[in-house]
Each structure stands twice: as C-alpha cells, then as structure tokens.
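What follows is a group of structures, each given as structure tokens.
You will see chain A twice below: alongside chain B first, and alongside chain C after that.
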Partner chain A sequence: MRCLGLLLVALAFADVGGATAQDAAPPAPPASAERAPTAAGRASAAWLEQQTRTIASQLRCPVCQGLSLQDSPTELAQEMRDVIRTQLAEGRSPDQVKAYFVGRYGEWILLQPEPRSFNLMVYVLPLVMLVGGGAVVLFALRRWTRADGAATETAAVEDQSTVNS
Partner chain B sequence: MTRIIGQTALVMALVLALAGAVAAVVGVRRRRPELVRSAQAAVWVNFALLSVANLAMVYALVTHDFSISYVAQVGSRSTPLLFTVISLWGALEGSILFWGWVLAAFTAVAVYRSRARLPDVLPYATATLLTIGAFFYLLLIGPADPFEPLWPVPADGPGPNPLLQNHILMAVHPPLLYLGYVGMAVPYAFAVGSLLSGRFDDVWIRATRRWTIVAWTFLTLAIVAGMWWSYEVLGWGGYWAWDPVENASFMPWLTATAFLHSVMVQERREMLRVWNLGLITATFVLTVLGTFLTRSGILSSVHAFTQGAIGYYFLVFIALVLVFSLVLVGGRSGELRSAGRIESMASRETAFLLNNLVLTAFTFTVLLGTLFPLVAEAVRGVKVSVGGPFFNRMTLPLCVTLLFLLGVGPALPWGRPSAALRRRFLVPLAGLLLAVAVAALRGAHQPYALLVFGFGAFAALSNMAEFAGAARARVRAHGEGPARALLRVIAAHRRRYGGYTAHLGVVALAVGIAASSSLRREREATLPAGGILEVAGYGLRLDRLWAEEEPQRFVIGSDVTLLEAGRERGRLEPRLNYYGGRSEPLTTPAVQSRATRDIYVTLMAFENDGSSATLKAVVEPLVAWIWVGGLMIALGAVIALWPGRRRTRRSVGVQRELPLQPAAAPRRRVAEGGAD
Partner chain C sequence: MSRRRALLSGAGAVPIIALLAFGLTRDASLIPSPLPGTPAPPFALAVLHASTAEPIRLADHAGEVVVLNFWASWCLACRSEHEALSTVAERYAGRGVHFYGVLYNDTPENARRWIAEMGGQSYPTLLDPGSLTAIDYGLYGVPETFFIGPDGRVAYKQIGPATEQLLVRQIETLLGTVTGEWQ
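After this line comes the complex of A and B, so read on.
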C-alpha cells in the first residue's frame, strides 16, 4: 500500500520534461542537414519528424521479429526511416508513403492489416464476440436476479458484513 | 555413455507413464487400491528418471560432449559455465527435455499432496498427468531427441543463441515460464478427475484453485521477467511487442485470471461450474498451443527454434485434448447445471461475470490476431502482419474496462449492495479526477493514457480502502497500532487481501506501461567524442569509445556521462556485443533506473577510429513500476497461498478477536486459510 502511495507521488513528479511526447526532439543534426527542405522552419521540421514517427511505427521492420521500423535498432530500419522522411519532405502524403512500401514488400509490411474485405474479420469478430457475450451475460443476469425475491433486507446486510470477502 | 543413460531413462519414463495411467484408471474402476498405489509409484519413479535424463544432458553440456548433437548445436568451449548450463533450454530438444522434467516434478508434488484427500478424483488426475507426460516423453524419443548422436564429432560448437547468453534473466525467464505453463496441467488434471469420477464438491475446487494460483504466479513472474529481459537486451526501450510467443504466454494468463475470479462465484453460489471447467480446459489447451507456436516455428518469432515434424505431434495432441474435454464436459453438463440465483445486479457476482466477459473477449482478440496471419495466408494466399498497432487499438479499451472493474469489484458486496455503497466511491472518484488533472498538467494527452491514470488511481484507492477500513476497525476495537492491525487483518484473511495486493500490483503495472509508453521521449544523434545529446532536460556526454576482447565475444563500448542541469548524475556504458562469427552485433543498452523515470541509452553505430558514435537515448517515466507491479502481483499470490490452518488454530486468540466477522468467522476461516 505504501508502495502505491509512492507510485502516486511518483506519477505526480513523473519526469516528462516541459513538452509533450509528440512534439519531441527535432531531427538529429547531421542527418537533418541533408534531408530537411532548405526553407523549412523549425515547426515544419518537427511536423516532418512526427509524421515520420507515426508512419514508421505502423510499418514492420523486415529483419526483426515483429518490431516496428520506429522501434527497431537495426541499420536497415534506420535507412527505411530516412526513406520515409525523404518522401514526406518531397511532398508525398502518408498514404502514398505507405503504399510505396506495400508495393515493395507486400501487405506484410503493414503492422495493422488494412481493414478491407477479408481482413475485416480480424476487426469485427472480437466485437461480435464481445457484444454476443455481453448479451449472454445480461440475459443470464436477468434470469438469475428474477429467480430471487426471498432474500430479506437483513439477510443481505448480514451477508455483506460477514461474508464479504 | 551419457547418451545411453539419457535415452534409456526417457524410454523407461514413456513406458512407465503409460502403464501407470492404465493402472490408475483400472485401479479406481475395479476398486483395486494396490493398482492405484502402483500408479503413484510410477509417478515418483518417473520424476527420478526425468531427473536422471536432465542431469545427463547438463553433464554432457558441461563436459562439452559434442558427440551429442544437441550439445554441438548450443554448446561452445568459450561460453561461461552458467550459460552452458542454462543452454539446457536454449533450443528445441533441450527445452522439451526440461519441460518434461518440470512436468514430472509437478505431477509428483500434486499427487503427493493430494494422495490422502481426493481418493476418487486423484487416480484419474494421476492418469491424466501421466498421459500428458507420455506425450512429451514421446516427443523426446521421436522428433525432438536431445541425445541424438552426431558423427563426425566436431571440435567445438557455435555456442547458444547470442540473445540467450547476453543477459542473466535468461536463467530466470524460461524456467518460470515452464513452471507456469506446465503447472496449468495440474488444475486441468483435477478437472478431468472430477468429471470422470462425478465428484464436484469443495475439495476438488480447492485443490484446483490453489494449483491454478501456483501456476498463475509463475506465469505472471515469467511474463514480467520476459518483459524485463526484452527491455534490458533488445535495445529498443520497450518491453512488449505483441510477438506471437508473448501472446501465447499471455492468453493462458488471461483465462487463468478469469478462472481465479469466477471460481469464487462457484464457491459462493454453486454457479458457473461448466464455465469454470471450460476456463480450466481452455487454459491448459492454450499452454499447449503456446508451446506449439513456440516450438514449431509456424509463426516467425524471437522464440521460434526450428521447423519440423514436431508441429504435427502438437496439433494432434491439441485436437485430442479438445475433443476429450468437450465430450467429458458435454456428457456431464446435465449434472453440472445448477439453479443459481443472484440477488442484485450491483453485486460482486455481476462484477465477476463482467470480468470474465472482458477477459474472454481479450483472450479471443489476442488469439485471433495471433493466428490471423496463418488464416489469411491459407485463404487469400497473401502474407499479412498483425502487430502492435492492431493489438493496442483492439485491447486498450478492454484494459481500461478491466481497470475500472478492478476498482469497482472489491467495493461491491456479495448479494445486495447496501446504502453506504455510494460513499465508498467518493474518495476513489476524487482520486480519479485528481490523477487525470495532474497527468494532463504534466503533459499526458493521449486519451487512453489519461483513462489508465484515472482508473488506476480509482482502483488503487478503492482497493486500499479495503485494507484501511478493516485495519481501522481493528485499531478501534483493540487499540492496536495501525501497522500491526493491518498485518493482523491480512493474516486473518489471506485470500482476500492477497487478491487486493495483486490488484494493487496490476494497477502499478498498468500505470507504468501507460506512463512509459505515452510520455516517452527519445532522441538519436551522431556525436563526436565529448559531444552532448540532449533529451527531455537531460544531457548525455559521449566521453570515449573502447573495445575489448572477451572469451566468447568482442565488445565495443562507450562511456557516457549523464548530465542534469550541468551536473553529473551518473555513468552509463551502452555496448555492442559481437558474438563469434556473427556480423550483426547485439545492442546492449545501458539503463539508469529511478522511481520517477528510466534513462535508456543505446549505442547504435560507431566510427572505427573512435572519433564519433551514434547514440539513442530514451527517457521513460515510471518504467520501474512495471517490475514492481509484477512483484506485487506475485506477493499477493503468495499471501493468498500461505498455509495458515495450523498457525491460526494455535493462536485461538486471533480468531476470537476478529471484529468484522463475528457470526460466520469460524466457518470462513476453514474455507479461506485451510484450503488444500
């Protein structure tokens, strides 16, 4: 319990710096020199970096085990992140950049299957399961609570104070 | 010689396991206790045989007996002794051998502990465990023979997979996982035993529940140790990648967690029997499925070892277990049905039902996502990936719901809610609002992170209120000090407060994950020697690069000084480890861990002349609370399992003093503390 108190305190003082996670670090100096558009201000550099991150975290590192390009420490992933950045800087849209990688590596490169046709199954079935299961639980609860009626108020109070574990 | 000892032991184990299973069933059917006893003897001997086989393999590994192919596959003369020993589970055959030993050990302990208590159920349970054992011994004799000879005998081997010898946690994570996985076979065996013998009373439930907690505790620790390992070794600053095999270990954890909650409804209301048997079966099948996914190499993963015929053995085994269990439960479902009733919608029972609904949907989502690439390839002929973004998107709402239930459930009484119920939520609700406000002020603005912080605070306060309320009552009644009263309360109701302790651990873990992933700051840069990388108010000064030759690897390291507001705050040593013959190095990050944040530095690349290097630095708040949370969950389980009957009987005074449970106290004590 004291641990948890500490945790709450820790959360209050958690080290998150001044800014938020998204508009974090501008691009690393040596790399940015070659890829940032010359006239781009700091704001657009930050935007470019954020877009790159977003796209890189949705694409798979081809040589890793299930890591995204954003997370992968390998050289290949680094190069692919540079490709994303370059293409974005050239004015391509995020979807175009992703399409470029799908064209080269196949659908497999997307960490989240596109919600189209057959792939919809993987998105819809869990919902069906949840809603169906919820209906079953609700139905059962209705039936089980209706069967009740004999329990008196005192019994309930006693139940609560004595057997409440 | 070693080879012959090992193989002989395994063949004998297979024969004995099958004979023992038959003897147990025949013995209980024909009422011949000597046959049942002989089956128990087979259990002890099997444990001895598997111990011999495992020791033989360790001996072969330590003496570098490369005439055994497994040793030639994972051994090398330059590997340090510890990693040589633990390469027992470094590849397919050895891991199945170790698996078999853990199963034999679990079987022996379970049968020994229950031998006097469950005369009808135990023989069937023994037979079930021996049959599961026989399946693994069959693998060890057939497609996964660890003692297969090799000719010509090589002079040296490649050593274990570098990933497995780069960190000490590899000595911890696999054994814990096997204890968790294999342990789930015991509750399954008791479930089968009760179905076959037609006994569904309390004794069986108690044994099953306790064994599930044991296995679940190991599984929890294994998953958290795996997260920690991945954090310390893989160099990307994360701990969970929704890798198929991570998912495989997570699914049985989810169903076992569901069982641990819904079994309480069965104990109280004699409801949900079929459902609980289903959860136990699902948990066991998911552990076997997990082993199959890990070992068959059917899904690419960090953990996949090899491809081969072994996959078919697993598929057949899983199919048999499923059919057998369905027939068994189906055949008994008439007897298992009960006229249950629940008094109110706003009761603990409802909370448990919802908990089960969410956990089941969670399991299904993870299962579907994990297997979907296989389905898609079979149906469409196209490879797809189902990775982190998918799982986060689908499961985060479920995680938040669970956290909410975890806060509401403990405050809801069994039966009917009382009038005071609303007041119980005042403080937790205030905590919720405060936590969201503080988190938002400090820069968190991802909705899910805010929800986790809010409901986390809510759940933590709600669970703590349970401790505090009971302790306060004791203080008032007996004038004890608060700390002493708290300990007494916990000691008197181990199961309940063990559960709440585990809840607090879950909250710590969830908040740690939410904070470290949503408030994470990272930066990467190439620096000259003496250059400083700045991230989130910290500076990392690259002092120098160095190189060192070690027996089993070549190390490129960097000395990095951590600066905060111009002052030195410690040194970090991120490295690149090159293991023999492999050109791609293992990035070995350096971490400075504090209660509020971790600083995680990886050496990404370097100039050969040592003039500059690329560093990646990540600042992640509250990561350490993930590990603390995992330990708290385990602590809670230990409290719940702590045997208490004898001690509490001796100190009768404690029993009489119980302020909260005057009427039903003695009965509840036996049910709670004296289980199994």
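After this line comes the complex of A and C, so read on.
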C-alpha cells in the first residue's frame, strides 16, 4: 500500500514536470518525417494561438473599462491581438511582446503590474492590512472576553454578598 | 483612550490617508505616455488622396518637425480641432513643419466625405490599415496629436482636441523660436 502511494506521488510529479515543460516552450515536432509538416504546423499554430491568448489576457484593452485584450470585443483589441500573434510568429518571446506594449502604453497596459518599487504596495499592503486587522480583532476580542469575565465575576460576588446579607 | 494608543492609531492611519490623498491628486483618465523623449516609431503610410502609390515615410523628414494627428470621421472631438489644425498647418507650410493626419479605424470613403463636409484639410491624411502605426504610437483613442522634433524624438503627446495656441506653442518650441506670447 505504501509502495503504491509512493508510485502515485512519483507519477503526479512526473505529470506536473511534463506540463510545465510544455507551457514553457513550443512542442517539438514529431519524429515521423512523413507526418512531420502537418503535425508540426498544427502544433505550431495551436501554440501560437495559446500564447496569443495568454499574453492578450495579461494586457489591458486601452479603450475599455477593466477588460483584457482577450476579453474585449473592440476593433482595437482585435488589432492588438493580431500584433501579438504577428510578433510571436516572427520569433519574439512572450516577454519581448509584453515589453513592446509596455514601451508603447506604459506599465498601465499590464493588468498585473510588475512587483517592484511603488508597485509593491499593491502586493504588500493587502497582506499588511490583513495581518494588522486580524491582530486588532484578536486584541479587541481578548479584551472584551476578559472584561466580560471580570464583569461576570463581580456580578457573582455581588449576588453572593446580597444572599449572605 | 490613552495618549499612547491615540499616538499609535494616528501613526497607523497617517500613511493610509497620505496614500489615498496621493491617489486623489491623480487623474485616472490621463494615462502618462512613455513615448515623449523617445525616438518616434517609424512609419510608411499611403496617402488618402494620393496621386501616386508612394507612401509617406517618417524617415524622409529627418531634421524637420512632424505633427501627427490621429483622427476618425466618427470622432466628435476631431471636428472641434479640425480648423485649428488646418490653419496652423497652412501657417507653417514650407517652414520645415509637416502635418499629417492618420486615419484611425475608419474607411477611406468616410474620411473623404468628412473632409469634404468640413471644407477640406490643408495637409494629407495617411491610411493605417490594421492600426499598426496607431498601436506603435500607443494610441488610446482619437483625437491624439504627436509632435516629433527635428531630432526624430517624440516631444509631446496631446490627448484630446488640440487648440491653435497649443499647436503653435509646441511647434515654436521645437523650432527653437518660442516667443513670450505663447509661453
């Protein structure tokens, strides 16, 4: 049973590793020379579309309110998706494509700003507020329960005094 | 509330209030462009009323001032700036200043009709299929006007309608002959 568990864990890790490698780079062309052009072409087109969707979902549509390029139905968003696809097809990496848009529109174009300098506030502040708020609530709760306990004790003592007298 | 607790609460609240106050000083609709100060993206675009198929290239205007105005016939604000653009373009014609309109997400037929309706345009309009130049210039909408200096760098970007005063001030600055009147 223990061996079976270990085997399952090993298989799960092997699968994750495979998926990560596939996400990071375009799939390798199949070994068969006869089927290679079609299959490679299909795989390449699928990779291009998937990468275009991924990048478009990380960039903000300039003429919309809070929509990504991927979600926007506007003509400009469609044209910007075409630019992403073209640049990827020309051999630019996803980071280079994103850098192109940042160079044109500024960091505003990124739906998720880079976690550096002033942008760190976006990532750190909610955590600080959560921890700080939690600490305040815990502190207040402890005080209230302590005060409540003390009040109950006082009332009990007063009741006892009344009964005794 | 003890003095110590009041001080602690104040110390915690001040940075948050300062951050929110900083946010209130910024206009969310005005997104700063990274282009001013950087080399203007090159373009080679066909002319709307072209007699030849030869495109207009930014590279052909090295050492000159180029004013690039993105517009569309469906853009209401473009109507209000049209007269100022045409007037100033005429005033600086032949003085090393070139005005170009760039049609944004519109058809040539609509653009021709619009120009005729507005009583003409004193400078050529260029066609930008696929909005590749518009995206290259980080366009958010129309109208937007870019001022490109003799050094080939974007000097200024105007979001929204351009006025005659603004056009003259920017051009004179680029020509290096700013007068007190426009400063």
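Convention: the second predicted complex is superposed on the first by the 91 of 165 C-alpha atoms of A that agree within 3 Å, B and C clash if a C-alpha of one lies under 4 Å from a C-alpha of the other, contacts with A are read in each partner's own complex, and residues count from 1 in each chain.
Basically, contacts are C-beta pairs under 8 Å (C-beta built on N, C-alpha and C of every residue); 3 or more make two chains touch, one makes a residue touch a chain.
These figures come from a predicted structure and were not determined experimentally.
Among chain B and chain C, the chain that touches a larger number of residues in chain A is B.
Of the two partner chains placed by superposition, only chain C is touched by A:62; chain B is not.
Residue contacts after overlaying the shared chain place A:76 against chain C, while chain B stays out of touching range.
By the touch criterion defined above, A:104 lies against chain C but remains apart from chain B after alignment on the C-alpha atoms of chain A. On chain A, the surface touched by chain B in one complex and the surface touched by chain C in the other have residues 75, 106, 108, 121 in common. Taken in their complex, chain A has these residues touching chain C: 62-63, 75-76, 79-80, 82-83, 102-106, 108, 121, 132. The touching residues of chain A, when paired with chain B in their complex, are 1, 3-4, 6-8, 10-21, 24-25, 28-31, 57-58, 60, 65-68, 71-75, 78, 106-113, 118-119, 121-123, 125-126, 129-130, 133-134, 137, 140-141, 144-145, 147-148, 151, 153, 155-165. The part of chain C that touches chain A in the complex is made up of residues 12, 19, 31-35, 38, 41, 105, 130-132, 134-141.
Chain B makes touch with chain A in their complex at residues 234-238, 241-244, 268, 271, 300-302, 339-345, 350, 353-354, 357-358, 360-361, 364-365, 368-369, 372, 375-376, 379-380, 382-390, 393-394, 413-416, 418, 431, 435, 438-439, 442-445, 453, 457, 460, 464, 467-468, 486, 493, 495-496, 504, 507-508, 511, 515, 518-526, 535-537, 584, 587, 595-597, 602, 604-605, 616, 619, 621-622, 625, 628, 632, 660-665, 668, 672.
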